[in-house]
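Each chain carries a letter (A, B, C and D) given by its place in the written order, and its residues are counted from 1.
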Amino acid sequence: MNPVYYLYLAALLFTIGAAGVLIRRNAIVVFMCIELMLNACNLAFVTFSRMHGNLDGQIIAFFTMVVAAAEVVVGLAIIVSIFRTRHSASVDDASLMKL
Amino acid sequence: MSAVASVHSLWTVAAGVPGRIPAPKIEYAQLAPTLIVLGAAVVGILIEAFLPRRSRYYSQLLLSVVALAAAFAAVIGLAAGGFGSSKAHLAAMGAIAVDGPALFLQGTILLVSLIAVFTFAERRLDPAAHGRPGDAFAPQPAAIPGGEAERAAEKAGFATTEVFPVLLFAVGGMLVFPAANDLLTLFVALEVFSLPLYVLCALARRQRLLSQESAVKYFLLGAFSSAFLLFGVALLYGYAGTVTYAGIAEVISDGARQVDPALAGTMGNDALLLIGGALVLMGLLFKVGAVPFHMWTPDVYQGAPTPVTGFMAAATKVAAFGALLRLLYVVLPGMRWDWRPVMWGVAILTMLGGAVLAITQTDIKRLLAYSSIAHAGFILAGAIAASADGISSVLFYLAAYSFVTLGAFAVVTLVRDAGGEATHLSKWAGLGRRSPLLAAVFAVFLLAFAGIPLTSGFAGKFAVFKAAAESGGGWLVVVGVISSAIAAFFYIRVIVLMFFSEPKADGPTVAVPSVLTSTAIAVGVAATLVLGVAPQYFLDLAGHAGIFIR
Amino acid sequence: MSAFSFPLLTATAALPAIGAVATAAVPAARRTAAKWLALVFSLATLALALLIAARFDPGAKGPFQLTESHAWIRDFGVRYDLGVDGIAVALIALTALLVPFVILAGWHDADPLEGAEPNRRWRPTQGFFALVLAVEAMVVLSFEATDVFLFYLFFEAMLIPMYFLIGGFGDRAGGRGEQQAAAQRSYAAVKFLLYNLAGGLIMLAAVIGLYAATAHQLGAGTFSLPEIVRARASGALQLGTGTERLLFLGFFFAFAVKAPLWPLHTWLPNAMGEATSPVAVLITAVVDKVGTFAMLRFCLQLFPEASRWAAPVILVLALISIVYGALLAVGQRDIKRLIAYASISHFGFIILGIFAMTSQGQGGATLYMVNHGISTAALMLVAGFLISRRGSRLIADFGGVQKVAPVLAGTFLIGGLATLSLPGLAPFVSEFLVLVGTFSRYPVIGIIATTGIVLAALYVLVLYQRTMTGPVKPEVKTMPDLRVRELVVVAPLIALLLFLGVYPKPLTDLVNPAVQHTLSVVDRKDPQPSVPVTAGPGGGGPGRTAQTQDVEAAK
Amino acid sequence: MENLIALLVAAPLVGAALLLCGGTRLDRAGHWIGSLLAVASFAVGVVLFAGMLGRDAGHRALHQHLFSWIPVGGFRADVAFQLDQLSMTFVLLITGVGSLIHIYSIGYMEHDARRRRFFGYLNLFLAAMLLLVLADNYVLLYVGWEGVGLASYLLIGFWQHKPSAATAAKKAFLVNRVGDMGLSIAIMLMFTTFGTFAFGPVLAATGQTSEGKLTAIGLMLLLAACGKSAQVPLQSWLGDAMEGPTPVSALIHAATMVTAGVYLITRSGALFNAAPDAQTAVVAVGAVTLLFGAIVGCAKDDIKKALAGSTMSQIGYMVLAAGLGPVGYAFAIMHLVTHGFFKAGLFLGAGSVMHGMNDEVDMRRYGGLRKYMPVTFVTFGLGYLAIIGFPGLSGFFSKDKIIEAAFARGGTEGWILGGTALLGAAITAFYMTRVMLMTFFGEERWRNAPTPSPDRPSAEPAAETRGEYAPPHPHESPKVMTVPMIVLAVGSVFAGGLFSIGDAFVGWLEPVTSFSHGHSPVSAGVVTAATMVVLVIGVGLAWLMYGRRPVPATAPRGSLLTRAARRDLLQDDFNHVVLVRGGEHLTRTLVYLDHSLVDGAVNGTAAAMGGLSGRLRRLQTGFVRSYAVQMLGGAAVLVAATLLMRGV
């Protein structure tokens, strides 16, 4: 199978993720969409790695996972704390600062 | 030696398959600044875990100061050893560059961080609740604002001393960021310094709702942008088959050769290069706060604890511009004709946008945020000059700007009323009457922002505009000048407010800072004036540091 | 000048700067000490300025004397280059001369309000005098700088202390509320700063452009005026018509704002109206002169071709300034704004003289700068004394002052007569030279400009009539005459006006070589008379009239 | 000898400086110092005159070069004096009449608290006037020219507390400034044409340049002369100038300063001779003014204004004469000198009358005063006879010559000019007789004047305090006032005759002004006879109207011409409507435009920036998702732009 299809898939996933960030209100879901985007990147890395025949892409994918995990830790901490304060996980509620 | 060697051997054994992948060679000495800072951060975590609460503050402070100073000394040592010029090379298997710009920027970041640590550690400003000194951070960030737990924590005199190791982690990431010589390191460094910043933003003692909101905004948008950056990295990897800067640059300049013809569809595909390059640029432009990726800046600057804002505004900008410079000058010079016009547009938008938007601001921190956007535009003008002058002028500007910014935010921490810092501009009315010295100092910073001669702001602005003009960006200079004029308007408005308005009866008081914040402000003023009046030495430094290793 | 290694020029600028710091450091309670300190420093500066004038040799070769040169910011091609020509010497002397008077006249301007609660930190008095000295230092340096960048630096930097002087200290004007007065003051200060900053920033673009051009063509960028002039003369530096014109406009714009030239003038009436009189004097008599000075020194010498190209338009603008400023002065209801518009008219004359590019025009313009400084200082300071007595700036609030305070009225009249360029007083010499110089190249413009002298008479006399003559208004009945301090301020200025009106030769001798140098750089020669008269012009040598009579008898 | 010239100017200058800066210490002696220095200057003048007489005609001119004044490039203005016969004449007139008036003023200003200052101003005037006539170049002349203008301004407005005086002073200065504009343009023209503006070289070089240029210079000089000498169209200030104290009117606005225009034209004779068109203009101005002034003089009830109209008219004669060229220069100057005597005398007489009449100036409230002030009556009467040209008195000789010269112009022009001059003489006789009759003859109308002066308070300060009408007690003035009047009366009687003996005056001036006899179409005798006839007609008419019939104490409405003449032939109204009103509108409009347009443009830009900022701000909604949308959009644009650059 032509590896390019995986690239298309990656692009699609990335777009879905980005759209989700724009559309969804719940911070957790938004966050998950971002994770989806990162995973789309991973897919692209692995695909390119396969196409180029070197391992760089795969290694990068591992790194990305680690980073994403770290991001989850920090992100969840922040989201949970704001949820405790406001009893809401809607990102639209956090709009005190504007203009 | 033996300990280092054993750790090394452990690592190589763990990572490598003998015979197939060569053992990586790590130049520990040349990476010393980063390693010292990250090591200190780890030690800081251990302190949090094992030392009793009352001794944590001083130990953390001491540790941070010593670590940053030591790292700075290491940078100086490296520079003195010629790593900034003749001996510049790529360390850690080509992942990290040890060259002039990297060392200059690392030095700047370390100095800025050192001063930021002082402002982080300031405990005299907040009126002592329950007889306990309070810094700018929430005593128990996990507690619900205004809740029982928070009050108890406050009463017990808790302090979030974790901020110091967190800060050190961020600094560690920033040190790597401008030195990163491949896209993976770039991404990892980006996350390493971003994640601690997200946390730091959420820790304000007062107005915690705003603080948390700023953190969540910063986090979501930051993660969003780093996803774009990562996708850009993926595309560039797809284009070049490698993520090292040199490798990509080589592919760009030589075109697709020695490649499996079957892969020609992706390898050397210009669309991949262009889209990938643009997305990576976008990720960096987000960090420097360039229009149209600036939206987070005002909100985050306003909500974050002011010491953190100061640190962020100064150090992040230095690190991000360093990375941007390296990317533009090392990776993408071959496609200069593609990115320069686009970056011109971004620079123009950023200069004008920041200046125009700042006019109607009413909060001093938001105002400074928009001002930082405008400054990002000026720096961009120099950065895209595509000449050695461009590099050195940006380096100089960054150094000059970061001290002014730190000083300005340090001043902001001093003006307080019952609700904490009084950041609304109307409360600053008549400050010059109440506290002429403070107002004068702030005026100096504002004038430096406005680029009035004899301040560092002017020297920096002149340097970047000169570089831009010499490389054919005459109109960029004109736009820059116009937006400077617009920008002058709101800086002056603040001065008017401070000096020529009658103080309000219920106006804020000016807290008397301890030696820590005083030092920060004093260093800011000194740097502003010295770099303004006698910039030659520092221009020389920046000039010598103006060559990237490739 | 190697034999004389003492850095006189630096010292002249450094002294007031030191004075500023010293004055600012005086504790809050020792206000009077601060005043005296400032006065002493300004007098010492005057002494140094006179020393410069004494050391200066008008006949010496080379454009600049007493030069100092040190490396400064190599990366920007900037050197700390100082040097003076006759024009600069004259203007430095003017500045150093006026500042002591400004200090003396403003002796009580910055005193804290009576009944104000004592504030240990707030030291407006010290601040006022320190700022005045700071302005002096920067103005002197910008007169001395022969490096474009160095000049620019101080040209811009002086805005800051000026800004604080305008916005921070105003008349204790009754009538309006203190709040409203403060609002108008800060509006004026902001307007002043923004106008000038905008001008300065546009100039910055041109400065950078100049650097880029020199760096491109000479190898290393330079800002040295003599070097650039030399390079242009030798052909090593050719800017190209378009570039030169753009750069010229960038420079000129800044100077035209500062000078100020119509239609960039509207900041001046606000600034002069709201500032205290001594500060208004500082603005119009000292700081604004940097603008016209810079036109002469930088616009013309750096961009001779563009200057000639732009001259007709600039002359027309100057002409508009002259007439327009005068007409608006007539229509003012506020004494200080009236003087401000009068100054706009006068600056029109100065610019007219500069761009007429004749030796009379430029020599006259230079004298005009000096004379206008003195005359406006005299008029404005007396006006300030008047205003402070009545607590109002409105002309309509005065009347019959002459009867109660004859000395004040007399000095006011002399200041006014100087403003309308009465022969015998210094401004006449300069105005007449400007007119003659303009006329000899552009007769029509010269003639239209001459109407300025009628309009000047109109606004001065209307002002005098409405304030000083007529029945004594009840509010001015108890007005005291000039005090000793005030007399000490005004009398020397008037004496100087008279002296320079009767014997301006020291000044013309000082200025003429510099003007000739400028003209030679611009490559312009005076128009020759159509009928050259062989007999030496001027004074009557014996026998000449006998010859005349013979000619006439022959008819 | 020539070193004395500076002393002429220096003496009164020192006086002015002393008196104006000396402070109240000098209040008691101020008038003596002032008078003494004026007399000293006169004495120096006499010494110089004697010296001059001692030399032969070709070498009488003296020069004194003091210092180089404004040397810039080719422009060399020096402070240098030239004392030739023309200047000498003026010096003697100025210092002589000046000294007399100083002395007169001692008495006249006795009760004025600011007498010291008055004398200071008078001294200042003398100095400036002497500078004017002694200068050897036009620029220095210009200094004196404006200097006398200043002195005139100060003295007209001496009683500054009166708005009318202050306004009159301002008006005088302004109108003069218009003239001065002419002088400065003339100087500029000279400089560009000849490269110099010293009398000698300029006048010597008139032959070498085009007539057009000379005409331009001449016209500009004429404009200057019109301003200073109150000639049409710049005459409007002189009537108002009568607001000044009477000695001032006598000295400045009758005898000396107003004649400076005649001096200027005569001095520039060589230039005018080469520019006939300019001369024609001069003649026309003179002719028009002599009628204008005379007509105005007929209608005024204010004694000083009537005399002012007369002055205007007489100077019109002089200007007319000066415009005739070498034929008339000498006569112009001669009439100037004799006029100096009799007009100063008349004004001093008027002052004396006012002094005795509670400062009343309205002639309709005089009448029958000859009994109360005999000396004044006699001296005034002699002046009167002199001015109307009564045979044997000064005016007869000088005016007659001018009329002759006017006819000698030849052709239609000659007839018109001569006729005008004759008509002027008739009107002169009329209005002067009217003044004489209304003041010194008829019933004593001042005993029960019905109402206070209607149009305006009288010229003197006492008017301010005057409430109820109290009849004055006319009395003769003190010696210190009458003696100068007597001296001037003597001059009015004999000067003309003296000058005419053997054409002494013409001969004296000839080296400077040159002289040529004109060829009159009518013989001198006929002219003289005609003059006599019109004189009788004028006097008779006046006697019919004012001698036989009683004079109403309030002015009747009068004919249209009378009313127009009272208002200076509507010229002031024209000025008011066109210049004053128009100017006010113009300045008001400009002030408005300056605020709304020039300032508005800048403020508008600032406001637009603010508006833009306010609008752009709304993009910052506070919602993370909207930020993300914008970032995405930005990324898309960035990518698209990058692709576009490559043209992919």
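Criterion: a residue touches a chain if its C-beta (ideal position, glycine included) is under 8 Å from a C-beta of that chain, and two chains touch if they have at least 3 such contacts.
Here is each chain with its UniProt name: A = NADH-quinone oxidoreductase subunit K.
Since the structure is predicted, the reported quantities are computational estimates derived from the model, not experimental observations.
Considering the contact criterion stated above, the chains in touch with chain A and with chain B alike are D. The greatest number of inter-chain C-beta pairs in contact is found between C-D. Centrality by C-alpha centroid: the chain sitting nearest the overall protein C-alpha mean is C.
Most remote chain with respect to chain A, judged by CA-atom centres, is D.
Inter-chain centre distance (chain B to chain D, centres taken as mean C-alpha positions): 80 Å. Note: centroid distance chain C to chain D, computed from Cα atoms, is 36 Å. Chain geometry summary: the mean Cα position of chain B and that of chain C are 46 Å apart. Between the CA-based centres of chain A and chain D the separation comes to 96 Å, rounded to the whole angstrom. Shared contact sites, meaning residues of chain A that touch two or more other chains, fall at 18, 21, 30, 91, 94-98. Multi-chain contact residues, meaning those touching two or more other chains, occur in chain C at positions 194. For chain B, the set of residues that touch two or more other chains comprises 216-217, 220, 224, 228, 298-299, 489. Taken together, the chains touch in the following pairs: A-B, A-D, B-C, B-D, C-D. The part of chain C that touches chain D in the complex is made up of residues 194-195, 262-263, 265-266, 324, 327-328, 330-332, 358-360, 363-364, 400, 402-403, 406, 410, 417, 422-424, 428-429, 432-433, 435-437, 439-440, 443, 446-447, 450-451, 453-454, 457-458, 461-462, 464-465, 468-472, 502-505, 508-509, 511-512, 515-516, 526-533, 535-542, 544-549, 551-553, 555. On chain B, the positions that touch chain C within their shared complex are 392, 433-437, 447, 450-454, 458-459, 461-463, 465-466, 469-470, 474, 477-478, 480-482, 484-485, 488-489, 492-493, 495-496, 499-502, 534-536, 539-540, 543. Chain C meets chain B in the complex at residues 71-76, 119, 121-123, 127, 152-154, 156-157, 159-160, 163-164, 167-168, 178-179, 182, 185-186, 189-190, 193-194, 197-198, 201-202, 204-205, 208-209, 211-212, 215-216, 221.
Those residues of chain D lying in contact with chain C across their complex are 20, 58-59, 61, 63-82, 84, 114, 117, 136-137, 139, 142-143, 145-147, 150, 153, 157, 160-163, 165-167, 169-170, 173-174, 177-178, 180-181, 184-185, 187-189, 191-205, 208-209, 213, 269-270, 273, 326, 511-512, 514, 583, 586-588, 590-591, 594, 598-599, 601-602, 606. Those residues of chain B whose C-beta lies close enough to touch chain D in the complex are 216-217, 220-221, 224-225, 228, 270-271, 274-275, 277-279, 281-282, 285-286, 291-293, 295-296, 298-299, 337-339, 341-342, 345-346, 353, 356-360, 486, 489.
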